Every structure is written in C-alpha cells, then in structure tokens.
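So, here come the structures, one by one.
In the two assemblies presented below, subunit A is common to both, partnered first by subunit B and then by subunit C.
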Partner chain A sequence: MSETRTFTFRPATEETPVVRWLLIGLAVLGIAILVAAPLFVVFAEALAKGVWTAVQSLGNRDALSAIKLTLMIAAISVPLNAAFGIAAAWFITKFDFRGKAFLITLIDLPFSVSPVVAGLCIVLMFGANSLVGGWLVAQGYPIVFALPGIVLATMFVTFPFVARELIPVMIEQGRAEEEAALTLGASGWRTFWTVTLPNIRWALLYGVLLCNARAMGEFGAVAVVSGKIRGQTATMPITIEMLYNEYLSIAAFSMAAVLTALALVTLLLKTALELRHADELAATRRH
Partner chain B sequence: MGRPLIHRSPMPGLGLSMGITLTMLSLVVLLPIGALLLKGATFGIGNIWDTVNRERVWAALFLSFRLSLFAALFNLAFGVLLAWVLVRYRFPGRRILDAAVDLPFALPTAVAGIALTALYAPNGVFGGIAKEIGVKIAYTQWGIFIALIFVGLPFVTRTVQPVVEEIDREVEEASATLGASRLHTLTRVILPMLAPAALTGFALALARAVGEYGSVIFIAGNIPLVTEIAPLLIVIQLEEFNYDAAAAIGIAMLLISFAMLLIINLIQVWSRRRIGYV
Partner chain C sequence: MHIEIDEISKLFGATAALHPVSLSLPSGALVALLGPSGSGKTTLLRILGGLEFPTAGRVLFDGQDATGLTVQERRAGFVFQSYALFRHMTVFDNIAYGLNARPRGSRPPAAEIARRVTRLLELIQLPDIGSRFPSQLSGGQRQRVALARALAIEPRMLLLDEPFGALDAKVRKELRQGLRDIHDETGLTTIFVTHDQEEAMELADLVVVMSMGRIEQIGKPADIRARPATQFVRDFISA
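Right after this comes the complex of A and B.
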C-alpha cells in the first residue's frame, strides 16, 4: 500500500466534537451575555465622560462618607461573624449533642430569608416603637437608622458564611490531632492556636472573603434599617441607589465600579485559594 | 435514662463555644425573627389575612414566585450545562469561565441592578436590539426575569460540578458497551445521577430569587399589579411606618419560602430513594 491511513476513534464515553463545541459555545455565550456584559457596562458607564470625571464624582463629602461607612461596617461585622463561625464550628464538630442537625439548620436560616424581611425583623426588634428599641433610644443608643442597626442587618445576611465553610472541613479533619495535643499537656487555647487554626486557616480565609464581599455589597437589608440619611447612614450601595434615582449616572456607576473592582479582587483571591489549597477547602468538595 | 443531651468529651471549650454560638445566633437571627412572629401574633391571624388578601399583595406574591420559578428553571438547565462543560471539556479560557460563574455572588445586588438596567433599557445595548424586534425588556416582567436569572446563576453549577467530577467513567463505558447511544447514556444514566445535586441548586436559586430585592427594583419599573415584587411591598409599608402590614406580608413571604423549601427537600429525599444512592 502506498498510502497509510490513520483512523481516529472517538471513545464511547465522549460526545462528538460538534456537540462538544456546541455546548462550549452555548456556555461561553450565556456567560458573556449574562455576566460579562453587565460587568463591562459598569465600567463603560462610569468612564463615559472620562476617568477624571469619574474620579471627581467619588471625591465629594457624601461619597467619601459612604465609602468610610461601608468599610467600618465590614470591619465590625466580618470579624464578629468570623468569631461566631469559629465558635459554632468548634461546638458542632468537637462535641456530640442532641439537636445538632437542628442547630445547623438554624445557622443556615438567613440564606432562606429575604434580605428585606431580615431588615424588617431588625426594625421590629430594635426600632423605636419596639420594647427593646424604645428603651435603648431612651438611654441614648438608637439602633435602627444608625450604625448598630446596619451592622446587625449585615451580620444577619452574612451569618452562615464562615460557619458553613468551616464545619465540613473540621468534620473531615476529625479530633485526633487536638486529642493528641491535649494528651501531651497543651492547654485548650494552645491546642486551638497551634493545631486547629493552622489546619483551617485557608477555609477560614475563604469564608471571610465571601462574607466580606456580601457585607460590603448588602443592599436590601441595609436599605430597610439605614434610613438612608446622606452622609450618615448611607452605605456605598445605598448611595448608588440615591445617585441613580437622581439621574447622576456617572457618579452612580463610578461608585458601582469601585464595588465591582472589589468583587473582581474577591473572585481573583477566591480562585487563587481554590487552585492552591483545594484540599483544605470545603467549597471545592461541596455537594 | 435516655441519651444525654451533651456527651462527655475531653475537648476543651464547650462552655465558651456553646455560649458564643447560642448567644450570637439568638441576638442576630432568632430574636429578630421572633420579633416578626410576635408582631404577627399581636396583629392577629385575621388581620394578617386581611392585609395579604388584597389584589395588589396577591399580584406581587404571585409575580415574585412565578418569575422566580421560571428563572430557577432556566438556571437549572443552564447550570447543569455549565457544570458539564467546565468539568468534562478542556478549552482555552476555561478557568476564566469557571471564575466568572461566581461573579453574581461577589457583585453587590445594587450594582447588578443598575448595570442590567443600563444594558436592557431601550437606549441600552441589548435593550436597543430588543426594541428593533419590538420587545421591551427593562421595566417589564422580562427585566425581572433576567435579573433573577443573574442572581441565581451560580447555585446549580456549584452544586452539580463536584458530582460530575466524581462520576465513574466505568458506568458510562458499561452503558455504551450495552449498546446505548451517547444521548441515551447522557439522559438515562448521567442526568439521573446529577438530579439530587441539581435539585439542591435549584432550591437555593429559587429561595434566593424569591427574596431578591436589590437587583430587581431598578429594572422592574415597579408598577403595582404588573411589575411590583413582594419584597418591595414590605419596603413601601415600612416607608409609611405601617409596621403591622409590613410584618403581615413578611410573615406570608417567610411561610411560603419555608413551605417551598420543605416541598423541595421532600422531592430530593424521594429522588434519592428512587435512584437508590445518597
């Protein structure tokens, strides 16, 4: 035979190339329309009149106060939720008690409650008309339409993030290492700092990252409790709404671009964590 | 005697971790929800019913749940497709695509809301194209539908992806050896294996969409009876300091969400039992 023919066999467990590229095309097209296009629009609208106009719109007193407030809320609510997440994960994974599944359900509860309903709950609990809120206002500590209310609303909607990330990881790691440390005479705290924490640090960082992104961007719950007082209780997302409703498009999208950049950094760090520490995270094995 | 409430354990920190967990859970989540239920109890079931049983409230509740269901169904199909493509195929830009799926989780809802509105408004890029063919997207129910697809996009992909990774190729080989076509293998062997995880993702996407506020209100137009979502009604009542009515609608939403989650959990249990693995 003068020519050699090569046969290529398609394994029976693969789709034909046509089907494969069709599916890939659909996926890419879907993400381009649904995710990439809105992302692009934020920056395009912010920079519609040039970089300088966009930057200038962030320089006024109200915009700066919104940025400061949002940073402050995250700085209070994220560490508190991280502390809760660690305590809850320790309690749930290191001890055996009745009602554990129920407790986990309660911790997950905020995920199935609308942020607006969450805000409503905070208003009804701590508003000036309520028993607790009325007393606190009389003492000079208003909760609703003030910083503590916004922090509480933010904590409500981000409550499960850290705990959900830590619990599966700590279940998998078991108790043997801690038991060994305790047997060797380490104190409880020393065991936690030198044995448990190094094992869960990446999962903790992952949970904190997601918690922080949501805390800085929360809108529905904060809209209900903040009172939207310009320069005082208007967070960055609330300010975006106010500017947008006043047809100040460039200013609204410039502030949106700042939050979008933050979201992109969050995704970048998250992806890096998933690539480097996949086996120490719950997310990459979640079912 | 019965089982002890808490088993004795050599682990330290029981009191501290239990104390922090229960105190914060109560203060941040349980007591506020309790305050809502208490408000409802003092308002009375009859009054709650009278508040909810009005055309405008029914229209908003029906709209929220119907469009959330449609958006979650879209995300169910697209999410399974995405999970399959991301795990099984190798192509340039796969990692970027994988990371992009999570953007709706990371992007603040208000930002998504104004971005989608700018895109789908009649003078926007996609809105302009739609206008050419005589369709209005922003400020109609289509706009709400698109916003709800956006916020629920990652859920199904992220629950199905790990399951696709763990599928044993031998199962597919066995199916092919027995003479099944590839399509037959996909629909009769693979999809049933993905069903429980896909349903979990579907339920999460649905729950998220029903309560969604930030990304929807900008694009919705908020016309009573037509494009007014249920969470907005609560905000409107609160702005009028009408706490009783706000609590009544809030309780109705809470109950319907929990009922939905319960039904979906039951479907999940049933489908797992039928397929015969957990």
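Right after this comes the complex of A and C.
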C-alpha cells in the first residue's frame, strides 16, 4: 500500500500567514491613523453643523476670492514649472556639459531651503525697499503683497517636482531613440514632440500632479510674500489658518475640505487615466 | 557611395578615442570595423553618421567634403546596437517615421508611404507585424525592423553598430545572411561594427581591424587571415 504524501511549498519570497497578516495589519493601521483619520476629521468638522452651514461659510466674498486666487496661482505656476522642468530635464539628460552636478543640486535647492526663507528672499529681492521692487512699485506693478509675488514664491517652492520626476526616466531611456530620429531626418524640434515627449508623458503627468498639489497647498513662502490681505492676497491655506485662529472652525474646516477635495480630484484623475491606458503603459514600460 | 576618411581624430576630454585614421571605402562595399571594446570603432561609425564630430580631419562622400554635414543631411541609415525602436509607435509607424519627417514638399503621400512600408516589411520577411509594438517582438524581429526603418529613408549608406550583438547564435547566423542579401540587393555601401572576428570574416568584403583608436590592418578577410600585419591582429583573429 503506497502512502501519498503531499508537500506544500512556499515560494522563497513569501512569508508565513501570521507574518503576512501582521505586516498587512500594521500597514493598514498606520495608514488609518496617519492618513485616513485626519481626512475624515476634516470633512466631519466641516459638516458638524450641517451641509448648509458649511456651504454658507464658503459663500462670502473673501472665501470665494481665496478659492479663485489659489486656482489662478496653480493655473499660472504649474504650466510654467512644467515647461521649465521639461527643459531642465532635457538639458541635463540629453547633453554632456561641465557643471551638470551643480545644476542638479541647484534644481533640488527649493526642497532643502525652508519655504519661509524662500519667501523672505523674494521680499528682499522685490520688496518696495529693494532696488528692483521700488522701481516696479513706482511703475504701478508691485510684486510683493500682490499676485506676482505669490506666483514667484509658489514657483520657487514647486520648481523641482517636474524635473525630479523626469530626470530618472529620461536617464533610463537614454538617447538612442532621439539619435535614431535624427538619423532618420527629423529636426530636433520634431524629435522632441514625436519621440521624447511621448516617452515621458506619464512621468510628466505625475510631476505635474505633484506640482499642482503643492502649488495649491503651499503655505510658508506664500504667507511671507502675500501680506495676508483678506479678499486680495489670502490664498486658501492662508485663509484656513486665519479662520482657524479666529475660532471660526466650521468656516476653516469647510475651506480645508474644499482644498482636500481638490487634491483628491487630481488623484482620481490620475487613477482614471492610468486605468484607461493600462495596456499602453504596460506595453511601453519595458522595451 | 564612396567614403573617404581623411586623418580623422577624436578626443573626449583628454583621452583620444581615435588617433588620426585614414580609410578609403569603395562604393558598394560591405565593410566590417572589427576590434575589441574601446578600439574606437563605434566612434568612427558615429562620426560617419554625423552623431559625433571629429576633433580634426575630414570625411568625404563621393569626393565631396561632408565633414560639416548635419546628421539629417548625411542621410545615413543607422541601425543602433539596442535598435532604438520608438517604443510608443507601431512597427508600421516606426518604419514610416523617416518619410513622415520629410518636409512637406518632398514627403510622399500617405498611400505611397504605406506602400513603401509594406514593401520593406516584405523585404525583411515580416509582412504581418505592422500593427505590433516593439515590446511584442523578439530580438531578431526588432533588429530587422530597425534595418527596415533605416532603409526607408533611401539612405546613401548603411551604418550598423553591433547589429547582431544582442542575439543568440542561431538567429545571428540567419540575420547575417539577411544583411548580406539586403546589401547585395540595394548595393549600398554598408559598414558594420563588430567585436566578433568570425562574423567580420564571414560577412564582410573588407575588414578594418582596429585597436586603441588606431587601424591595425585593412584587407580582405582571406588576406588578413593569411598575412596578419601586426602581433595584435594575429592574436585577435586567432582568439
């Protein structure tokens, strides 16, 4: 009589069920405490006195102006930073030149400098007491305590996002496809539009989304340059802080909920695009 | 097209990739640039294609100075080592790329482009893969598509950088014959870079043996085998 023995093999990279569930549980707990709970609290506080109160708190002139200002800042600074980021990444990855390492460090600088310091730099450069700023104010174009200053501060803080996202992708892809396009007679411009840009479009999208999220949410640098003038230079994050300090918690949390919702919408947009182009993503990732 | 390389040298910073080299390649020849890595053979090929510019010296195409011609003006069909197919385009669009890139005046109509791409797909014996993406092809298929893409622009010469480098031995043998056939059919001056002496000897009419940025010997495969000019050549071809 033969005895059948069954063996169960576990793949080398897999852990025992106990360890697996422990690790998954820890991760879920961490996300719940650090991410999900605060998000929930924001919306719960905003809606504590009912939807109507929350909506009403957003309906006044100052709140609407803050929302409009924040959207406008993002609409100006994100496309500009996308263009600068592409240019910088293109330059760094497709050409060899002296001082490349220095340029990469320079691009990273906004990440290491405190946003408040960045804001102060802009005030010193373009404030009414500076040479340039004084002249511009005299011409009727103030930079500090006005939209241009806020855009400059936002752009400074969000500058690295697009370039940082693109550089590793473009290094990995190398220059061969561009060189092939050139040998086939394409101009540099045509090569960029038909070969480089399609190859980096996903990395570009991620970079733009991160840049956008930060542009809408930036507080420190904008707080310094904006002067926090209600209804004029107060962005959403600054308005939230001011409302909160005045114990108007429904208004503060309603505004915070809108800001959070804007971020969630961009995330959803990204996920939707990924799902729609899943095949194409898989096909183009590896060559 | 007759290609003349006249005292070409290339420095990368302080290191010399090419010491002054001179070489005359007859029209319609199938030439192998043979040497170990770092011998300067790929640099020489890229200078011919206009992807690098020499530090000194001249390149002549049919007796005309071509040293200052841009990569686009060279009209060299270039096959890259990793093929460099456009990963986001179908095989059809890859092959049609060079024709679509022509200025409006000299660009063939869409139907003519489609006809030419179809004919090239037949030439490389892969008539049915036009709608696939490069990631869906085998290594040998990719190499043939890269060759078709280079031929589509009606090049004046064909330049191939280690065209069989990334393939297994069996496919390599097949494709060698394929390249020979295409060369004989088009009559294009064809230059390929290789570090495989057997491949160079078997395929080329003329072999240029290179080492350390210098040309060690130029000759027909049989002559090089029979009379190696230097100790380096003797060692390299017997390896």
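Everything that follows uses one rule, which is that the second predicted complex is superposed on the first by the 238 of 287 C-alpha atoms of A that agree within 3 Å, B and C clash if a C-alpha of one lies under 4 Å from a C-alpha of the other, contacts with A are read in each partner's own complex, and residues count from 1 in each chain.
Criterion: a contact is a pair of C-beta atoms (placed from the backbone, for glycine too) under 8 Å apart; a residue touches a chain by one contact, two chains touch by 3 or more.
In this text, all values refer to a predicted model and were calculated from it rather than measured experimentally.
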Subunit B versus subunit C as contact partner of A:Leu147, first or second or both or neither: neither
Touched partner set for A:Glu45, first subunit B, second subunit C, both or neither: first
Which superposed partner A:Val195 touches (first subunit B, second subunit C, both, neither): second
Touching partner for A:Met72 - first (subunit B), second (subunit C), both, neither: neither
Which superposed partner A:Ala181 touches (first subunit B, second subunit C, both, neither): second
Footprint overlap on subunit A, where subunit B in one structure and subunit C in the other make contact: 179, 182, 187, 283-284, 286-287
Residues of subunit C defined as touching subunit A within the complex: 49-51, 71-72, 74-78, 80-82, 84-88, 97-98, 101-102, 133-136, 149-150, 152-153
Subunit C-touching residues of subunit A, taken from the complex the two chains share: 176-177, 179-187, 190, 194-195, 198-199, 280, 283-284, 286-287
For the subunit B and subunit A complex, residues of the former touching the latter: 3, 5-7, 9-14, 16-18, 20-21, 24-25, 28-36, 38-39, 78, 81-82, 84-86, 89, 91, 93, 95, 97-112, 114-116, 118-119, 124-126, 149-150, 153, 158-159, 162-163, 169, 172-173, 176-177, 182, 185, 197, 200, 204, 207-208, 210-214, 218, 231-232, 234-235, 238, 243, 246-247, 250, 253-254, 257-258, 261
Subunit B partner contacts - residues on subunit A that touch it in the complex: 12-16, 20, 23-24, 26-28, 30-31, 33-39, 41-42, 45, 80, 83-84, 87-88, 90-92, 94-98, 103, 106-107, 109-118, 120-127, 129-130, 152, 155-156, 159, 175, 178-179, 182, 187-188, 191-192, 210, 213-214, 216-220, 223-224, 236-238, 240-241, 244, 252-253, 256, 259-260, 263-264, 266-268, 270-271, 283-287
